[in-house]
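Naming follows writing order (A, B and C), and every chain is counted from residue 1.
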Amino acid sequence: MKKYIKITLLITLSLSLTTCSLIPTKVIVSEMDPGFCMNCHQQVTPGLFQSWVESKHAKNGVHCMTCHIDHEAATQQKSMVFPEKCGGCHKKQLVEFQMSRHSIGFDRMRIQGEYLAIPQEIRASFCERCHSIQKRCNSCHTSHKFSLKEARDPDACGSCHLGPDHPHKEMYETSLHGTIYKITQNPDRAPRCVTCHMPDGTHNSSFGIASGPAGTRSEVVDLKEIPISKEEVERRRNEMIGICTKCHSRRFAQEQLENADQVKGEGFTLMERGKEPIRDMEKEGLLYPSIAERMPHPTEGRTLVLADPQLYVGTSHIERLFFTMFKFHSIRVWKSGYHFSPSYTHGHGWTEMQLDLIDIKEEAEKLREIFKEKK
Amino acid sequence: MKKYIKITLLITLSLSLTTCSLIPTKVIVSEMDPGFCMNCHQQVTPGLFQSWVESKHAKNGVHCMTCHIDHEAATQQKSMVFPEKCGGCHKKQLVEFQMSRHSIGFDRMRIQGEYLAIPQEIRASFCERCHSIQKRCNSCHTSHKFSLKEARDPDACGSCHLGPDHPHKEMYETSLHGTIYKITQNPDRAPRCVTCHMPDGTHNSSFGIASGPAGTRSEVVDLKEIPISKEEVERRRNEMIGICTKCHSRRFAQEQLENADQVKGEGFTLMERGKEPIRDMEKEGLLYPSIAERMPHPTEGRTLVLADPQLYVGTSHIERLFFTMFKFHSIRVWKSGYHFSPSYTHGHGWTEMQLDLIDIKEEAEKLREIFKEKK
Amino acid sequence: MKKYIKITLLITLSLSLTTCSLIPTKVIVSEMDPGFCMNCHQQVTPGLFQSWVESKHAKNGVHCMTCHIDHEAATQQKSMVFPEKCGGCHKKQLVEFQMSRHSIGFDRMRIQGEYLAIPQEIRASFCERCHSIQKRCNSCHTSHKFSLKEARDPDACGSCHLGPDHPHKEMYETSLHGTIYKITQNPDRAPRCVTCHMPDGTHNSSFGIASGPAGTRSEVVDLKEIPISKEEVERRRNEMIGICTKCHSRRFAQEQLENADQVKGEGFTLMERGKEPIRDMEKEGLLYPSIAERMPHPTEGRTLVLADPQLYVGTSHIERLFFTMFKFHSIRVWKSGYHFSPSYTHGHGWTEMQLDLIDIKEEAEKLREIFKEKK
């Protein structure tokens, strides 16, 4: 904390002599001298100030007001800087970003049943912290240094792409790709996330993804949720193989992806087998609580929902067994297949799915016995 | 292993010429020349010796006998060095340490039901390895180098603060704070544990913790387990916000902590809902084994215990569902709220709690059906 | 990606002037000039080429054909290089490797029931990716740089030794050994896997393992599955203690291993208690599906299998509870005992075993009630 104030770095900026009371003064400052903000902020938020000092922005004269526009407004409420503002200078990146699923992350979230079923006051700490990527370049380009080193690190991607329902971070880290990158920290030695998904620095992070969006569905759709043609899927896979062949033979790369296709197919077959006993239970009136007795699904209404957009709140035990099977375990099986993590595709995925299936099948048989008199 | 013996570093120490048989010789050595120990130990435990050689202790003439006192005693049994000994030189640190919960870790453990229910012979490998922090500065200041770099690293804290029932390490690592620190290894760029919990090097690691001790309870208590006043809690939160504002605006910091308060409240509400069906089961005589049939709780006796100090041994299935809900999942919800890990507070926490609640409610209904004839 | 082509490093190799069509030409090349391959491969697989350029192999004139022998054959099918080929130069390492369990990893896998129960087309992505270590030195010595730094890193070992059924990586990382190594990256400061299991660079990675193979069994066997004598087990433990005493006193090292012995004993006792209710269920005809109704075990036939080689496919719920208890949780208890991870031995291990036992015992009682009319 001792080196925060490196005023000597502020070469191109003439600091104003405004006295600083440590309480923001309300003045119309839209066109003011940049030193107005900094004079106080180097004292009240020295870490933020120092990060900016070390940024390329500082070196190129991009200061507080360039992005936040109006000091008065910023003192009243959160002064967010939207991608469109960043795109004023970073045009190519904005256009590419708008082609990626990142650019619809917040809007897509807002119509999800799972989101709608969460108490409003805690959505900010849960869903919105990641899905706000649609509205914030600083999801990846961390404030206020905006360091490329930080944005390109697999852990930057992994700060959202992790956890039980999309463990991309975990599957990468447990693959040989992730292992060698972790040891060497050398992107010429092993790929990191951006090597394959943002090649040549494209901000269309949906590049080459030929097997469905980040969610749990298997079909590939475009930003308007329209399924993509077989030819386009084929074209994208070839794009991806173009990345693999930097280090592997084409034959090997194709073989690996075809192996993953097989894994995906087997995983989806297993998942379908998990649905059958639950549909039977509904027909036989053995779900507890019944569809009629429970809160209706926020988007689907009073109906049995298995797999997306199934809820994890207020369902029966047998449905909850399937929720875990599809949302956590199935996704590990097939996505880890494409990310080459035997531990996740087999141990944390396939094995768990088989255990789920045992549980679901026997549970159905038990429900028949336990609640048969009630029928 | 080749560079172990750097005798040239032993500038200030005159080595004795005692011959070394590699079997410790019993001699009264309390006031002896430090070379007595080292002459052998550089051969029999070269790693330990080399670590000490590289320590500040070595450079400042602090040698084996300064801390271990008596070579004869040390050859007979484990020669522990207690905090009071370290405090002889490091006075400020000892006083601060004694204000922290670390200083009561062993004593608190010894009266916990969970500890008492574990076979005595395995307690050393389980609980005591971490809880011995009360008696060992080298829990964090790893022997025999006592390197500040090692002690300040988040992983040093994380060697105890991790795992299913207090995943502080995991929640920090999956927050943006932990992510940026991991990438940059720069404590000026992102906080590590000690930034917020041991600011300015204080060894009172309970600094600023305004939401309960490391356990599963929500109220804030002092070292004597007496609840802390609302005013003191408020004062501590303000202390903590003083840390946040190094990098964030006060408004933003307050908003984030208030979000976490909401998350905590929602989590505790959910947990209470999990208790109800189990209390009903007890009243209806449907717990298996019943409270009367099982081993009494080591500290609470023959009574239903839900949440702290609930045991995980020998209870009924429905109680065990609640154990997982409160001990593993509930704590992730609220503590990860304050550590800003959406993956832990939502995915590994809230979602699991909702699944637990589904299971507990249906289990109660089933128990009624299954065991109703037995009543 | 920009620095791939560092032709200046290719000191000793005269590149042929063969023109490169980017499509491999079929020519008999067994004794050809090494430039034949490289002239194309520096363009079609620049990452692979660059890795080799930076290898010791390149510096010592070991080129494509030295290992892959025949370019024509290599263009037709995967051109694997087996350990025997590497042993041509690295004799000592091959002999040591053949003494280790690594050298039987593939053969042992192929006769396992779990392997045989997995659909053939997905075995490559699941089991074979790790078990192929028997056939590939580049499991650890990553192609085509074969860097010692990479091979010796704990993460190299951890790319296979991880996950629910053998979390060696996770237990090491959560021990103080792993913590200090992660912070310092200094193998003189804290041991990594190879320090204890491959001392002095031996490729017999079964060195000093005195408590059973990597699987779930407790007895120690040799490569032909013959139990090892008590004397030999004792000798191996002494070998291991010889490593510990580099940094710890002999008394301390012995005490720690004896603690782990206790933990192991308690864990196996607990596991045996989990088997009893299931054997009862079989006798009482309450397993669903019954042994007669289900697919026979690939190696054991129509019989109840508890613990190795128990399957996780198509069993009853109560057997699946035991599967998780023995395969995931039991192994964490005792192996983490020897790896000094309180979080894994207690939190992720012992606690889970106790919860499993609660579930198994109550499940047996419920099965009696639920299916008693069916009998």
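Here is the rule we use: contacts are C-beta pairs under 8 Å (C-beta built on N, C-alpha and C of every residue); 3 or more make two chains touch, one makes a residue touch a chain.
Quick caveat: nothing in here was measured; it's all calculated off a predicted structure.
Note: Cα superposition of chain A onto chain B, rotation of 120 degrees, nearest 5. Judged by shared residue numbers over all numbers used at their interface, chain B and chain C contact each other through mostly different positions, with under half in common.
If each chain is reduced to the centroid of its CA atoms, chain B and chain C end up 31 Å from each other. Counting only residues that touch two or more partner chains, chain A has 370.
Per the touch definition, chain A reaches chain B in the complex via residues 1, 3-4, 44-48, 50-51, 78, 118-119, 121-122, 124-127, 129-130, 142, 145, 147, 149-150, 153, 155-156, 158-160, 162-165, 288, 312-317, 320, 323-324, 370-371, 373-374. Residues 174-176, 179-180, 182-184, 187-189, 245-249, 251-252, 255, 259-260, 262-263, 266, 337, 340, 342-348, 350-351, 354-355, 358-359, 362-363, 365-366, 369-370 of chain B are the ones that touch chain A when the two sit in their complex.
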